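Structures incoming, each one as structure tokens.
Two complexes come next, and they have one chain in common, chain A, joined by chain B in the first and chain C in the second.
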Partner chain A sequence: MNLLTGEGFWSPLVWLALAVGVALLAWWLRSKGRQDYKRGTEQATPFLSGEPMPEGVHVGGQHLYWGFVEALRPVVDRLRAFHSGVVTDYVTWLVVMLAVVFLVVMLS
Partner chain B sequence: MSLAMHVPILAIAVPLLGAFALPLMAKVHHRLRDLWALVVGAFTVAMIVTLAVQVFTVGVQVYTLGADTPDATLGPQGFPIRITLVADAMGAFMALISALLGGAALIYALGFLEESKGKTLSMSLFLLLWAGMLGLKLTGDMFNFFVFLELTSVAACGLIGYRAWESRPPEAAFKTLVMFILGGLMVLLAVAILYGEYGALNMAFLSAQIGGSLLDRVALGLLLGGLLMKAGAVPMHMWAPDAYGEADANTAIVLVANTQAGLYALFRVVFTLYGGAATPEVGYLVTTLGALTVLVAVLMAVVQTNLGRLVAYGAISQIGYMLLAAGVGLVTLGVGPEFGRVALQGGVFHMFNDAACIGLLFLCVGAVRRAAGSGDLRSLGGLAHTEKWTSGFFLLGALALAGIPPLNGFASKLMIYQSVFQLSPILTALAVLASILLLAVFVRAFQGAFLGPRQSMSGAPLSPAMLAGMAVLAVVVIAFGLVPDLVVRHLVAPAAEALWTGRDVYLAAVLGG
Partner chain C sequence: MKLSAFKRALWVYHLPTGSCNGCDIEIVAALTPRYDVERFGIMLVGTPRHADVLLVTGTVTRPMADRLRRIYEQTPDPKAVVVVGSCGSTSGVFYESYNVAGPVDEIIPVDVYIPGCPVRPEAITDAVVKAVAKLEGLEAGEKV
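Take a look at the complex of A and B:
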């Protein structure tokens, strides 16, 4: 039941068996922890430097990996400018690529 | 003469005729229309599966229209003059992909589309697009190759833009139509050049004649330009996020199948039609475009705030993986090392895996829009409280697309990584980096749309048909991930082999000898 990849193999069933083993180990370790935790009590609320927990707080999708996205912004801004949404730009790129393709095909 | 002999033409004719009859059924009663669509869809899927069984157990299936017997491909002068349909393992494999996505889209559409918002029109165009895709995958002559390409283009643009009461879908349809028309004209010009040079349109006959003359290369350039655009290769991909992002969910997954049909057409041209004359330089070009497509699409996905466009860029990035793998196959075609074969197998396998997981994600986007009334990640949140099935399906599709084991995307990406590494470790590193970025993108999307506190929603509840459509694709994502070796051995390897070494078999099946 192994998928040969040319350089090695992949067996999802063996991987699953190992994953179940790791999950069981994690569960066993967790069960050794404190027993006085109770859901739905004050214990479950996050600690915000002593400030009260505001209602309905959600870190929206656009905020996740904020720093990561900011680091990529110079590259991404150029790519966004390239995706202008103007159909004549689309056609221009098609023509440019056609020229590149012809260059490769004719010179090969 | 048994019905089984006519399976290739029935697989195309049934959805084609079904599309034109569907509005008439709708005139009688909308329930009759839905029943008709289901019957046509079930019959089409049955024909495709029957054809695939014939191809994978017996061999290449040839069907000649207008001949005394379907296998009489040559006319009285020993010349292939009639229209032929040819189903080899690659064609049958692609037909199975369209059966999967078409079937799931049809089930989903029955519960998703609204009567007052063009349901009849959408379902008619869907069947027309399905027929066009199947025709493109099964045709054995270049003129019908162009005809079916145009049929898919017209039907796809109709499906994207039929909601004329909104502003954005018609605009997206117009942009897509401009690009598809230009691409179609390039293909038509290439067909005209080949016909002028050899006086024939039959692909097998042309393949036997093409030797790499100047005109052959001009035609190849035109075909590559048109089909790379249709497949969504960067920088000719810009129509794709507009089209995927504005289309209905059930339409978006058929557009994925349509894009893959364009990719298949490209493979058919470079491996079968020009198999003896394709140079490694063409392979390097395809590989470069593949790497560029993967990276640019993933980087664009990072900054998307609309869930539909985010998944659309994810879909484009996966086309890059397929081009990367096919490019490695093309580079090594004349030499024939084992890693070239594995790369091609990985690329072909990834087509099916991508169809299942990106299809599942697009259906989830439709479910989110239905439940929340919006697809804007800046306003979404907490959907997991109420939409548990959609949340699970989205997470499953996202993890599979990012290549997380043991789901199906991992198996095909592993084959691609390991084989591409033999050609260029840098390309593999870029591909792995893109997968990591894609995982980050989808974690962000899942966190934004589904996690967080419960929010008030303005949408409508999901129908069982929508959940059933998503469940079909989810089952494939899990099953293909758990038994990839069986899938590769029985479906993928024969399909890849049809491209890698199967050109002579294809020619012999059509031309005899």
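Take a look at the complex of A and C:
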């Protein structure tokens, strides 16, 4: 069941034991948190410096990359222009880039 | 007051509701090496969600009244509210001013008042200790 390589080995049982250990650690850390928040009250709402929680507000995933996007704005705008949303365009780009990679590999 | 030693660290959220910053500076002074309240485990936190004590400075201006009420409600129980300075206690020189919603106890329940303009760091420390005594009484199930 173990997979041996020149660099080490992989065992599903060891992997499972590690996963259980990490889960137990996460559960223990979570159990150390405060239990006295009252559900359904303001105590369970996000703290926005005292501002009311706006309806329907959520933080989109793209906000995580906001700094990168703003810093690379000229590059991002050019790359975005390529993204038409049409599948055939994507496939064309894939074929062209694969051809370029093959050419580079064959010539090197 | 039966308090002999803190059972755990006390986390404090500092909320200025219209202060001139005089009391806020004294709170900062209480954290400096001369007074160093952190050696007792008293430390400021950035959110009321983690706080045991709300430290409110200044009289309550009209825009801050709702926010003060909301922040009080967002603080987990048991909690204590300490009003720092004359403005928060009585509105001080801003008494019945057109843009003042009132002293803090007209908006939320207050446990400890610290008079002074501004207050001294020793008084802030003493008030927080009184708040701890109240919290420990609440946690022990006493009616305070």
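The rule we apply is simple: the second predicted complex is superposed on the first by the 59 of 108 C-alpha atoms of A that agree within 3 Å, B and C clash if a C-alpha of one lies under 4 Å from a C-alpha of the other, contacts with A are read in each partner's own complex, and residues count from 1 in each chain.
Going forward, a residue touches a chain if its C-beta (ideal position, glycine included) is under 8 Å from a C-beta of that chain, and two chains touch if they have at least 3 such contacts.
Keep in mind that this is a model prediction, so the values were computed, not measured.
When the two structures are aligned on the shared chain, A:A81 is found in touch with neither chain B nor chain C. Comparing chain C and chain B on the residues of chain A they touch gives the larger count to B. In the superposition on chain A, A:W93 makes contact with chain B only, while chain C stays out of contact range. When the two structures are aligned on the shared chain, A:N2 is found in touch with chain B, with no touch to chain C.
In the superposed model, A:L29 lies in contact with neither chain B nor chain C.
Once chain A of one complex is fitted onto chain A of the other, the partner contacts of A:S108 are limited to chain B, with no touch recorded for chain C. Across the two superposed structures, the residue set of chain A contacted by chain B and also by chain C is empty.
Here chain A touches chain C in the complex through residues 34, 36-38, 41-43, 45, 47, 49-52, going by the rule given at the top. Partner chain B is touched in their complex by these residues of chain A: 1-8, 10, 12-13, 15-16, 19, 55-62, 64-65, 68-69, 72-73, 75-76, 79-80, 82-83, 85, 87, 89-91, 93-94, 96-98, 100-102, 104-108.
Contacts from chain C toward chain A in the complex involve residues 47-49, 64, 66-68, 70-71, 73-78. Partner chain A is touched in their complex by these residues of chain B: 174-175, 178-179, 182-183, 186, 217-218, 220-222, 224-225, 228-229, 235-236, 238-239, 241-242, 279-282, 284-285, 296, 299-300, 302-303, 305, 338-339, 342, 346, 377-378, 380-382, 405-406, 410-411, 414-415, 418-419, 421-422, 440, 443-445, 447-449, 451-453, 455, 481-485, 488.
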